[in-house]
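All chains are identified by letter, namely A, B and C, in their written order; residue positions are counted from 1 within each chain.
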Amino acid sequence: MSTYIIRRLLGIIPLLFGITVVSFFIIRLAPGKPVAVEQSLNPRVSPELRLRLEKQFGLDKPLHVQYLIWMKQIVRLDFGRSYIDSRPVMEKIAERIPLTLGLNLAALVLIFLIAVPLGVRSAIKADSAFDHSVTFLSFLFFAAPTFWLALLFMQFFSIQLGWFPISGLTSLDFEYFSAWGKAGDSIRHLFLPVFVAAIGGFAGLTRYMRSNMIEALRQPYIATARAKGLPESAVLYSHALRNALLPVVTILGLSIPGLLGGSVIFESIFALPGIGRLFYEAVMTRDYPLIMAEVVITAVLTMLGNLIADISYACVDPRISYKER
Amino acid sequence: MSEQPLLEITDLRVTFDLEGRRLTAVDGAQFSVARNETAVLAGESGSGKTITALAISRLLPPNAAISSGSIRFNGHDILRMSQEELTGMRGKEIAYIFQEPVSFLNPVFTIGDQIAETIVLHQRVAPQQARRQAAQLLEQVRIPDPQRVLASYPHQLSGGMNQRAFIAMSLACQPRLLVADEPTTSLDVTIEREILDLLMELKKSLGFSLLFITHNLAIARKISDRVIIMFQGKVVDQGATDTVFRCPRHHHTRELIQAYEKIGKL
Amino acid sequence: MMKRNPYLKIGLTIIGLLMLITLFAPWLRSADPAQIDAAQLLMPPSSAHPFGTDQLGRDLLTRIIYGARISLSIGFIAMGIAVAVGILLGSLAGFYGRLVDTLIMRCADVMLCFPTFFLILAVVAFLEPSIFNIMAIIGLTSWMGPARLIRGEILSLKEREFIQAERALGASDARIILRHLVPNALGPVLVNATLGISAAILLETGLSFLGLGVQPPVPSWGNILIEAKSTLGVAWWIMIFPGLAILVTILGFNFIAEGLKKIIG
């Protein structure tokens, strides 16, 4: 087991290297590339901007030197200063990460709580009216673009019914609320964003859970469980569910990039100050140091998420750790 | 001791529904198993013997149904039992062992958990007590180092070891009938002999009836008191083992026996 | 093949109709999608404008039909690029193994670490958000799925007798890969690519909705919805119809993928 974990940890070294190389390549796409400026395809690039880029990334030096300069900064977690307000980029990101991670974590929990029971019931009642309606709804939600659903929900729940505020993190008079009032206000503001963030993943996981459970119910050990005299509920919820649930750990890990990517959209729509919206603003204002820092950091977050998912899968599934031993 | 057989199957018919097509898998099977007897249900693959075996405890897959006949076990009509009566009987009165122990054991539970689960279920004892009993059972099936095996997962053990553990699990509640569906087919020849010897020995000391299902006539002849031959869903021959092998009634039985004699396996 | 496969039937019908509509767009709606009509601002659906008009008085139905051209072609071409790159890299990795395989698959692993949307937005920030760039970027960030599938299939096919026989007869590597391995591995890739078209269309609409994709006045389903945001609570039709168009299209492709899955088994 421990050798497996060590091997996985060593495996992130080439990945980290790759992530920095790809990100570095994106900088090279930047207007600093002589061609782009000369052909002046990109009117947004002023000579002054080019100078700043050259200085920060050493664009006048040979490629490998440029990469090393950049790497030296990165390992010290120094991504430079924002072009907009000259604050250190890391500081700007650090203050916004908790909200995004919190939202996505809440979305993951919601996905899990809705999708697992639905998928399992669908599998047990395969081909029933219930199963067909769950399948239909999953297809529908899977096909609907997140930002459109966000608009629909805003229109319906916020404008028509007035249940939730349209956007933002807190109400204007937030400071005057009691502690409970504050908590309630935050929840009301965050409910729709979390729900919208969860919807795509929820549809996917329901389908996945359903097919896993159907597969598990076909296994010979289910016949054994029945032959032992276990009541049907124990056959389903102890023997089959345990097997069907294990791979979900990895799926949750795999859904991280989708969720993080989605944050750009729903944080922009709901005006929430997370790293998604920060990234959107950085792209709109061509704040290059901030863009680069976010690309690297979200990639590393995704990588760590997958790593944690893999390792926890190895911990919960006795077969994996055995094979790797 | 009553004259009545422990298990009595009359005119059993099992049909499958394959996407609208009806298929008869067992066609009027009729046989019985007496107390303390070893009966072998033999036939080629696809002859309906496994389906018959599963039907005894109504363990058929959802697309199969018993369309007629009766199954009487120890004086009870199994086809009339409620779901509770059925689950109370399975594992306690009638237990099974299967062909590939590794896939028939749940991969995510330890051997100890799986044996203890059966004991707790039918004997209503505390988990620690069940655990102790499980260890004793493993000793009974001659597993060395039972504590290690209790804590192991199925994939960590050899096929023979798993089958021993499976036998221990199935015999945990002293069933009256053990149905063994090709329990040695997936094992090496030497392990096969060990498992067969173990089964016969346990049968002698514990006193249960054994319904052994196999396609292997050599095994059938070696272990059985009575043999039942199935062919294309029908029972074509049955009787005391010696009688059947000496003067088979059905031409299919004759062909089977001749085939085995030709290669010198009988 | 179509019998008992309602998914494939419905999916093909939806996408087929959609392609006909985009093909005959100029004959279906004679109006110019960019035609501004100051007298017809934000009109609800009527017989003249079945889907209503937008803030500039443009006919929404016309804009959605022309938007379909853009969104569909981006979906198809982006996926075409992804599948081409994926097949190339995947078959190289699967066929040559060892160092080539390690290198290519590590690249795929690295690419999979980047949340697609972040990567695409970052590139867009540096390049012009032209339709061509969007196709290329989506394509070049989506090749990992097809590559992994092709590699897996080829690894399992490579050792089979007919390939060994072909090799013994002296066929070249390229011939074995192109004539035998790739065609045999296409099934799962087709399913993946169909789902990929949906994903590409969703990416494009998302990008355009953020103002970083297809640029107005060229209509795309995503950038029509920008207006839906500013007219929230005022003009429901601007929100409903483009969204439904996306939904139905994605459903169509996903149904086809589901149907293909059943055929391939």
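Simple rule for what comes next: contacts are C-beta pairs under 8 Å (C-beta built on N, C-alpha and C of every residue); 3 or more make two chains touch, one makes a residue touch a chain.
A quick note: this is a predicted structure, and the numbers were derived from the prediction, not measured.
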Mutual neighbours - chains that touch chain A and chain B alike: none
Chain whose average C-alpha position is farthest from chain C's own: B
Identifier of the chain whose CA centre is least distant from the whole-structure CA centre: A
CA centroid of chain A to CA centroid of chain B, Å: 51
Distance between the centres, which are taken as Cα means, of chain C and chain A, whole angstrom: 21
Distance from the mean Cα position of chain C to that of chain B, given in whole angstrom: 55
Partner chain B, residues of chain A touching it in the complex: 219-221, 223-232, 239, 242-243, 246, 317-319, 322
Touching residues on chain A, where the partner in the complex is chain C: 14-15, 18-19, 21-22, 26, 29-31, 41-42, 139-140, 142-148, 151-152, 154-155, 159, 166, 256-258, 260-262, 264-265, 268-269, 279-280, 282-284, 286, 288, 291-292, 294-295, 298-300, 302-303, 306
Contact footprint of chain A on chain B as seen in their complex: 54, 57, 59, 83, 86-92, 95-96, 98, 100, 103-109, 117-118, 121-122, 153, 155-156, 169
Of chain C, residues touching chain A in the complex: 106-107, 109-119, 121-128, 198, 202, 205-206, 209-212, 225, 228-229, 232-233, 236, 239, 242-243, 246-248, 250-251, 254-255
